[in-house]
Every structure is written in C-alpha cells, then in structure tokens.
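As structure tokens, here come the structures.
Shared between the two complexes below is chain A, which pairs with chain B and chain C, respectively.
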Partner chain A sequence: MPSAQAELVVIAHFKNSIVGLTAKQVQDLFLGRERTFPNGKFALPIDQSSPLRAEFYEKLTGRPVEQINAYWARIMFTGQASPPQQLPDDKAVLQTVRENEGAIGYIDKTRVDNTVRVLLLLN
Partner chain B sequence: MNTVKKRYLYQKLAQSVFWAALMLTVLTSVLYFFTEFKRSREKTVIMINQLLDTVENTAAIAAYSNNSNIGEDVLKGLLRNDIIHEARLSNSQGLQLKKERNTKVPKQDEIIRILRSPFGDAEAIGRLSITPEAQYNLLEARDSALFSALNSSLLIGLTALIVLLMVRSSLSRPLMKVSDTLHAIKAGEQERLEPPPQNQGDELGQLVEDINGLLEKLQEKFKAEHALREEVEIIEQQLRNIFETTSAGIFLLDEAGRLLTVNPTLSQVIEVPHLSQAELLGQDFPELAFAEPALMRELMRVAVERNQSVAQDLRLINHGGENTWVHCLLSRQTAGLNGLRFEGVVYDITDRMAAETSTRHEADHDSLTGLFRRQAAERELIKLINQRTDKENAPVLLLLDLDYFKEVNDTYGHDAGDRVLVEAANRFKNCIRTSDIVARLGGDEFLIILVNCAPPDYSRQIARDILVAISKPFQLSSTVSVKLGVSIGMTIQDGLEQTLEELYKAADLAMYEVKRQGKNGFAMISGDGSIVVEKVAINHPG
Partner chain C sequence: MKYIILFTSAFLLFGAPAAFAKDVYPSFTVKGFGTLGASGTDTDRLGFRRDIKQSAGVTNGWGFDNDSRLGLQLDVDINKSWHATAQWVARNNTGDFFEQNLDWFFLRWRLEDDLDIRVGRMGFDVFMLSEYRNVGYAYLWMRPPHEFYAGLPVYHFDGADIAKKYAIGEGILTIKAFGGYSFFQVPITNSSNSAAQGTTVAGGKLAYEYGNWNTRIGYTYVLTNNEFAALQPLLDTLNSAEVNAVWPGAQALVRQIATKNKIVHFSSIGLAYDDGLWLAQMEASYIDSDQLNYPSVASGYFSAGRRFGKVTLYSLFGISESLHNQIELSNPLIPVPAIVELRNAVAQLPNSSRVDEKSVSLGLRWDVTEHIDLKTQWSHYWLGNNGAALWLTPAAGLTPDTVNVWSVGLDFVF
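Presenting the complex of A and B:
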C-alpha cells in the first residue's frame, strides 16, 4: 500500500508559537493525557478516519491501532473523556488546522503547505 | 479376698497413651498453624502478584490517562479479593487513590507494582501497591491447624485404641489369668500354672514356664524343710526330755551370776524345792545355793579366764539337814551373742562324797580301835611339822607300848586282846585333847602326838594321866579282869630341823629305857640326851 510508506507530519496553526514537539508530547496530546501545549495554550487534537490513522498511531506509539482503540473504549466507558474528533482526509484536517489556532493534526507529508506549521515529522 | 480395686495395666497404658496423644496433637497443631500461616502468606503474595498481573494494564491506563474512575474500578475490583487488605494507586500527575478493608490486624508488607506507560517508551508513570490481608492468612492457618488437629487426634486415637485392644487381649488378659492362678496357689502346693495357648514360646509363655520351675523348686524346698523341721522337733523333744527329766540341775547364768534359765530339777538339786522354776529366775545363784558363794564366783572367773569347762565339788547351804555336796560343771557360753553367759550343770554327789569319806576313813583308821593308822598319823604329824614357823607350838611325840599285853592275848585269846586294845584306845583318847592325835601303829604299839604342847610339864602330866588310866583293870567279862601297864617314850620337836625319823628314834630310845627300868612309866629325852624315867604310884582299889 502506498500509504504505508508515506511520511507523516504533525501540523499546527501557523500562528502557534511552538517550534516543535517530541513524539511523546504528541502522543500525550492525542491520547488525552495532556490538554495543553508546553506553552500552556489549549490544544485541540484532530484525528483522521482515513487509513493514515493506523499508520500515524503505529509510528507514534509503536503499538497497533487496535490497542489505541481499546484504550479509548475504556476511557469513553467512564464518560470522563472522549477521543479526538475524526476528520475524513488530509484536506479536511488542513482546513480545520488553518481555521483553529489551538488545533493540532497530522497529514501526509506530501500535502503540507505554508499555511500550517509542521511540529514533527514521523517516518 | 483382695478388696482393693485392681488397677489394670492396660488402663494405665490407656491413660499414658491418651495424654501422649493429646500432647502430640497440640504440638502438631501448633506447628501446623505456624507452617500453614507462613505458607498462606507466601500463597497470598503469589496470588496478589497474579492479581496485579491481571489489573496492571488497566491500572496503567488509569495512571496514564489520569483517570480516577478507572483507577477506582481497579481498586474496587482488587478489594473484592479476601486476600487484599488495602490497595493504592498513584501516578506522577498527582493521582492518589486508596481503598481498604476495615479489619484491624497487624499490617503486612506492601506489594508494589510500578506502572509503566502502555505506549511508547515504557516510562514509569505510577505505582499500584497492595497490602495483603493478614486476617485471611490467620483464618486460613487456623482452619488448617484445626483440621490437622482433628485429623491427627482421630488418627492417633484410633491407633491408640487398636494398640490398647491388642495389648489387652494378647498381654493383659493372659497375664491377668496367670496372675489370678498364681494368686490362688499356696507355696509348696502341687498346683502349676497352665501356659496360655496363644503365648507358647513368647515372653509370657517363658514367664509361665519359669514360674512353674520356681514353684517346683519351692515345693521341693518346702518338703525338705518340713522333713528337717520334723527331725529338729524330734531332737528338740529328746533334748527337752533330757533337760526336764535329768537328775542333774541345768542352768544358764548371766554375767553377775543371776539365773536366766533353769530346768525343773535344779530346785531339787540345790535343795530349794519350795521355789518354782519361775521363782528361781533372776536369783543370785552362788548366794542362793552354795555354802561358800565365793568358790562359785571364783569358778565363774576361772571359766572365763581359761575359756573352757571347769568343774568343782561344792557344798550347798545347809538347811538344817546333813551336808549336801554337788558337782558343778561350768562353762562360758559361746553360742550367745548378748554379753557374757555361763551354762552349767550341778548334780548331787553327797553319796559319793560319803563313800569317799568312808573309804578314806577305812584307809586312815584302824578298824578295831577306830584310831588313826600309822600312815595317817604320820601325815598329820608332817603337816604339823611343816606348818611350824617358830619355836613355839612344838609338837610332842609319845610312843606307847602296852605292858603284858602278849600274856593277856596268850591267856585269854585274841578276842580278849582285841577288847583290851579297844578299851586302851578309849582311855588314851580320854586323856588327851580332841585336837591331839592318837594312832595305833600295830599290835600293842600306839602313837600320841600332842599338838601345840610346848611346856614339858604339861605333856608329862598327860603322860601321867595315861599311866593312871591304863593302870585301871580291864574287864574282860563279868568275872574276869586283867591289869596292864604302859611304857611311854616321849620327845619334843623343840628344834625346827628335826625330821620324823629322828623324832621316832628319840621316842623309841626313851621308851626302851622305860622298858629296861621295869616298864609302866614314861621317859623323855632331854636336850643333853639324858633320859629320865618317871613312874607313877598306882594306888587304887581292885
């Protein structure tokens, strides 16, 4: 599959003052452990429902995506938290990131442009 | 016959077994409790670790996501297990959760599990710690110990019961039977024990055989002893007969001479028939019986000194009759252990003494006149001579010869002569003192010894008296009488050194001189050897 070989980038609003994030920081934001950026600003992680999602989590945590799903299922069962909002594709993610200053998402590296800030490269 | 309650061996055994079993049970139970407690603790730790394995993932998620709901769920789940007393969950982001059971028991060591991030680099993000429930362990251990106690007491009890029954049936019962039989057997009887059939050849069987052997020996001993006793009884009876019927008096004295044992004859022998056997006991024997108690005491002393039998003739106290003599045999008792004892025998020897006396009398005295014979007179004279210690008390020797006796004998016969001799002897005796000695030397020769008659005048007076007495007529029958005379030779033993022969010789010389000068007179050799014959004027009727 072409997507399996793809390189992913984690992106944020171009006005975001954060220069970069570590994989762990990204992981904490996407798995609901952290709700803010290191600078204290509120973070809104945006997930995808595309095949890119499995690749993203595998590259980020080293665990299969099913485990991530099970994790969220447990958290959701308590009603205390919910997983990040899922968008259909890179285009929708790009659009949302451009429009929200606290947003953080991931897309294929090939789709990235100057309208967003790249915080992390996953390969 | 034996009313004392019997204590059976197997009952004793049962008691011992019971107490031993009880102790053993308690001991094993306590031991079991502690080992079980330890085992339970270890088991609990393993189980808790397993539980931790089970919940670790979820707990890690709770810690990772800082989700107290999940954490609470985990802790609640853990607390549902009896083995957990307290569970705590904490993470690096400040989550602190704790659940505990409200039992009050000593705390045990916590079991801690470090929680690691479920994602990425397995970073330590929190910890889950559990305190095991000690109460659970205790209960577990107690139950186990109880079960063990029950189990072991049942087992031990059962074993003990079986052992008891075995002991009772195979040891106690047969032993009891043997014991009862043995109890009924009297020593020395023919009866024997019957060996129990099941115990042939074992210890009990051997015991019975040995007892039978002993009974056998006992019976033999009894028989032998019985025979011996009969023999002894016979001997004793014989000895008793001798003791009681003998004519000798038998006695036992203590150290001081008091009578301890007497035979019935003794009172007769020592001439106190009025005293019973019992009354004699305790009396002082020497004082009671003998005229000279000191002699008897001396005899006792000698018996001890020589340590052998001693004997002496002793005279009894004269109770108004004739003198009684007894022969007393005395020896120190050697068999007795309690102090000095004397055993002795006395028997009457009065008759023998009398016989002895008469024999001696016959030997010493002339059968016709009753005067001493020469030998006896000489014996007495020697005695007198030997007794002299000084010049006083000199004995005077008179040799007498009847004049004309031969003519009387020839004319009137021997009987007449004999009568003259007897009469002459009587007249001699009447002229002297009783202490003086008259002897017939043979034929018509006589000897007079004047004892203690130093003044010569005194002895001359006696000589004169004799001359006068003999000069009186001798009546041979109612119609016939004869006249005789006497020639007397005298000598005094005025020196101590004169022998019997010298005295005889001197007197003989004096008498010869009287005969030479016409008979019927007396003469005494004076110190210078001269002899003066004196005669007496006889002047009386008829």
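Presenting the complex of A and C:
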C-alpha cells in the first residue's frame, strides 16, 4: 500500500516528444475528454486497479475517486466512451508504457527510471 | 432496424474470440450496475412510482419493486473506429420483459476523434438524466427528480444520432442530433392491460462542460403514430351514428381526443455545478402538447448538496404544473342520461392526466466503497386537485393532497 503522502509521476514513452503536460491536460486525457496529445498524436491512457488509483485522481482533480467512478458510470452506461484500461500495479504500467509510443500512465515516483519520460509530477 | 440488430448480433456472437490486451481487436467488456431499493409512504390511497411506465406503486405497505433493478452492458471494440454496445436492464416496468428493457443496442462509428455516429437502439436524450435514469450510482438522489422525470415513459428509441465535440475556450461543447422511432408500452389506468405506443422522435442538444459547470439546452419533437388503445372504445362511441343523432357535436370531439398524429414538443434547459465539496443542479422544461391525454406541462427542480467526506447531504425541490387543457363541448339535443354521462366522461378526460405536484426532499448519499453507495431520502409531496397523474390513483374516492415518501437504497457498479 502506498502511503498517503506518496509522490506520483505521470509517464510516457521515452520517444514521446512532449516535454510536459499540465494537470488539466492529463485530466482531460484520463477523463476521456481529449483523445490526443497536444501534438496531435493518439494517446492511450493507462489506469491502475491498485490503491494508487484513488490517490492519483485525488491529487489530479481534487475529487475523491468515487466521483470519478460516478462520472465514468454516466459516460459508459450512456454508450459514449469507455474508461481507460486498468493494470494491476506500477510494474505493469511501466512495462506497457515502455512498449507503446502513445501510452500515458502514472506510477509511484520512487519506481520511475530513465526508460520512460516524466510528463508531470503530482504531490 | 431489424437488420441493424441482426448485424450487431452477428458481430457480438460471431465476432472473434475474446482478447484482453488493448490494441487487440475485437475486445469484449462486460459491465453492470444495479440498485436494491425499498420505499414506503403514509397513504394507501395513492401508489408512488418512479415514472408513469410503472404499473405498480408503493403505498404504506412498502415495497422493493419500484427502485430495484439490475443492468448489464456488453461493449465490443471491433476496431479502432467501430464499437458495439448492448445494455439490458431488469426492472419493474410495463410491457415486454425482454424488448422493453433493452435500452441500448447500437453500433458506433468514430469517424474522427471528436465525431461519433451511432445507429441502433439508444437512450432517449431529452433531459440531463433521461439516458441514465437507471444508473443510481451515477447521480446523487434516490431517483431522478419525480416532477421532472416521472412523466417520461420513453427510455429509448431506434434510429441514429450524431455527436460532435468542440474545444471552446477551456471547456468542451457537444452538439448532438438524433432521430428515429420509439415503441413503448405504458400501463392503462385501473387495468392490468398495457397500451402500445409508437412515436417518431427527432431532437438535438447543446451541452457545454467547463470546469465545475455543466449546462445543457435541448429540444425534442415527438409525433404519435397510433391511437392510444385505452381511448379506442370512447372514440368508437363518439363516432357512432346513434350518439351523433342525439348529440350532434360528438363526432367533432374525436379529432380533439385522438392521439394519432398529435405532436409534443419538449424544450429544456439545465445547469449543474460540482466543485468536489458543494454541488447544485437545476433543470426547467416546457412540454407543449396537442395530446389531450398528455397535457402541456411546465416543470422544474433545484437541488443543492454538500459533501462531508464520504457522505453527501442534499436537498431537492421540484414542481410540475399541467396547463389547463379545456375541451370544448356542445350540449346534447336531448338530455338522455347515457349521453349526459358520456359527455361528463369526456369533460373529465383532461383531468385524469393532469399534474399538479410540488415536493421537497432531504437525503443522504454515503459512498461506502469505491463502487457501492447507500442512500436514504425523505420526500414530502403536495398534490393539487386532479393533479396526481404521476401516481397510481384509485378508480374512485378521495386521494390525499400531501404524501410522505421514505426510501432507502443501495447502488452499485461493477
């Protein structure tokens, strides 16, 4: 279990040419409001099913994860879009981000290495 | 329409083996939602129901039926731009258990990132919540505001819609247009039978999402294609030569009472605010109708709430008032008792579908886990004279003009 004070990083493929993203831009991608990076390239947001998920949305949006789930229930059950795919942990997210040029995910800051690009720090 | 369903079914059934990694098509997902709810009132003279599609209501005897339901949704990503969705919701409703409860069944084509075209069966997007009234987890209250949503028996239609999103300023504007045909079954008052209704629908909306704000403006046109079965005996009587011999104006009433080719216009405006701590929502609508058994009505609601950790406290005020639909009646030449009785029945007709209702509610939503909430709500209703059309009314006798409704519910998504 990550501590409540953990710092998170939003990561992308090392070939991704984006230097950084604002919290609003990351939010738009993870809430399905925006489907491409600012450079027009297709984005594939990767969510987690771990306890880090609640912390990520709390830090990113200032809202509890239940509200994010209620938001997705509305979008999903009215046939508009599907929420991002969820992977079990940081390790799986790192692996997928390394392998997909369009991927964008989040992990605990202490797990990050130089095989991926950091787009945003959340604390 | 039949072919679209067959086409989609073929995809769903024979598409290809299921796959789980992203980028591998087709990929299948099964999701669902549900509510277990119980409610009761302080009267046995009126039945409380979620909406006028329900033929059973709760009284002071309490009941589980009206708010409990279970929905299942299958999503198929066929490839990057094609997607199919089917959603079926088991619930207490009038009509065919399989067909009427199939709310979504469509193919979506994403032509570009911000442009979607869908063909098949879709939710009826007439007000802010009308497409997801069944998904209790997605909204704050025990059920959508009664004065605003209970008069809407249409849940879905078969046809097509097109939606385009534009980034404007810091927000996102959605423009949507839809059209098609809706078949739905509604209960007949004081009868165990239901009546089938066929309508042509067309409409559109503009929605703007900006930070904590959400606004929506919508318009929908509904044309009734058939005669309401429950009125047919009355129409036949008014058309008969014998009746017209004694009451020359009778036949002319048929045109006023008939439902076929009558038009209903739905116009609405809505605004919602949610900053994570405080939330508020309001909608106002005007339904302009030529139909005597669905009189023109103005409705609105306002709700405000505040979160305290996992618990949200809310209040809700609703109002709905039918406009007086007067029917012009001539007098029979000879006051034969049967004809006088018939005339009275016709004069009473607009009254049985009138809404004169106001309510205040207080409630609580507690997010127990990330996918389960518990709710409880108390509502106090004021019902005007001949204003209880959203309720189940007894065949004869007085009905109360105030009713308390208590509810508890558990909503979940999976």
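By definition in this document, the second predicted complex is superposed on the first by the 121 of 123 C-alpha atoms of A that agree within 3 Å, B and C clash if a C-alpha of one lies under 4 Å from a C-alpha of the other, contacts with A are read in each partner's own complex, and residues count from 1 in each chain.
Just so we're on the same page, contacts are C-beta pairs under 8 Å (C-beta built on N, C-alpha and C of every residue); 3 or more make two chains touch, one makes a residue touch a chain.
Predicted model only: the values in this text are computed from it and were never measured.
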Joint occupancy of chain A by chain B and chain C, clash or fit: clash
Which superposed partner A:Arg74 touches (first chain B, second chain C, both, neither): both
Partner chain(s) touched by A:Gly32 [first = chain B, second = chain C, both, neither]: first
Residues of chain A touched, compared between chain B and chain C (which is higher): C
Contacts of A:Arg63 with chain B and chain C, given as first, second, both or neither: both
First (chain B), second (chain C), both or neither touched by A:Ala23: first
Touching partner for A:Lys15 - first (chain B), second (chain C), both, neither: neither
Clash-bearing segment of chain C, relative to chain B, as chosen among 277-285, 367-375, 385-393 or 403-411: 277-285
Overlapping contact positions on chain A, where the chain C interface meets the chain B interface: 24, 33, 61-63, 67, 71, 74, 78-80
Residues on chain C engaged by chain A in the complex (per definition of touch): 22-23, 29, 31, 33, 71, 73, 75, 77, 85, 87, 104, 106, 108, 113-114, 116, 118, 122-123, 131-132, 134-135, 137-139, 163, 167, 170, 172, 209, 274, 276, 307, 310, 367, 370-371, 373, 413
Contact set on chain B toward chain A in their complex: 58, 61, 64-70, 118-121, 123
Chain C partner contacts - residues on chain A that touch it in the complex: 24, 33-36, 44, 54, 61-67, 69-71, 73-74, 76-80, 82, 85, 100
Parts of chain A lying in touch with chain B, wherever the complex brings them together: 23-24, 27, 31-33, 60-63, 67, 71, 74-75, 78-81
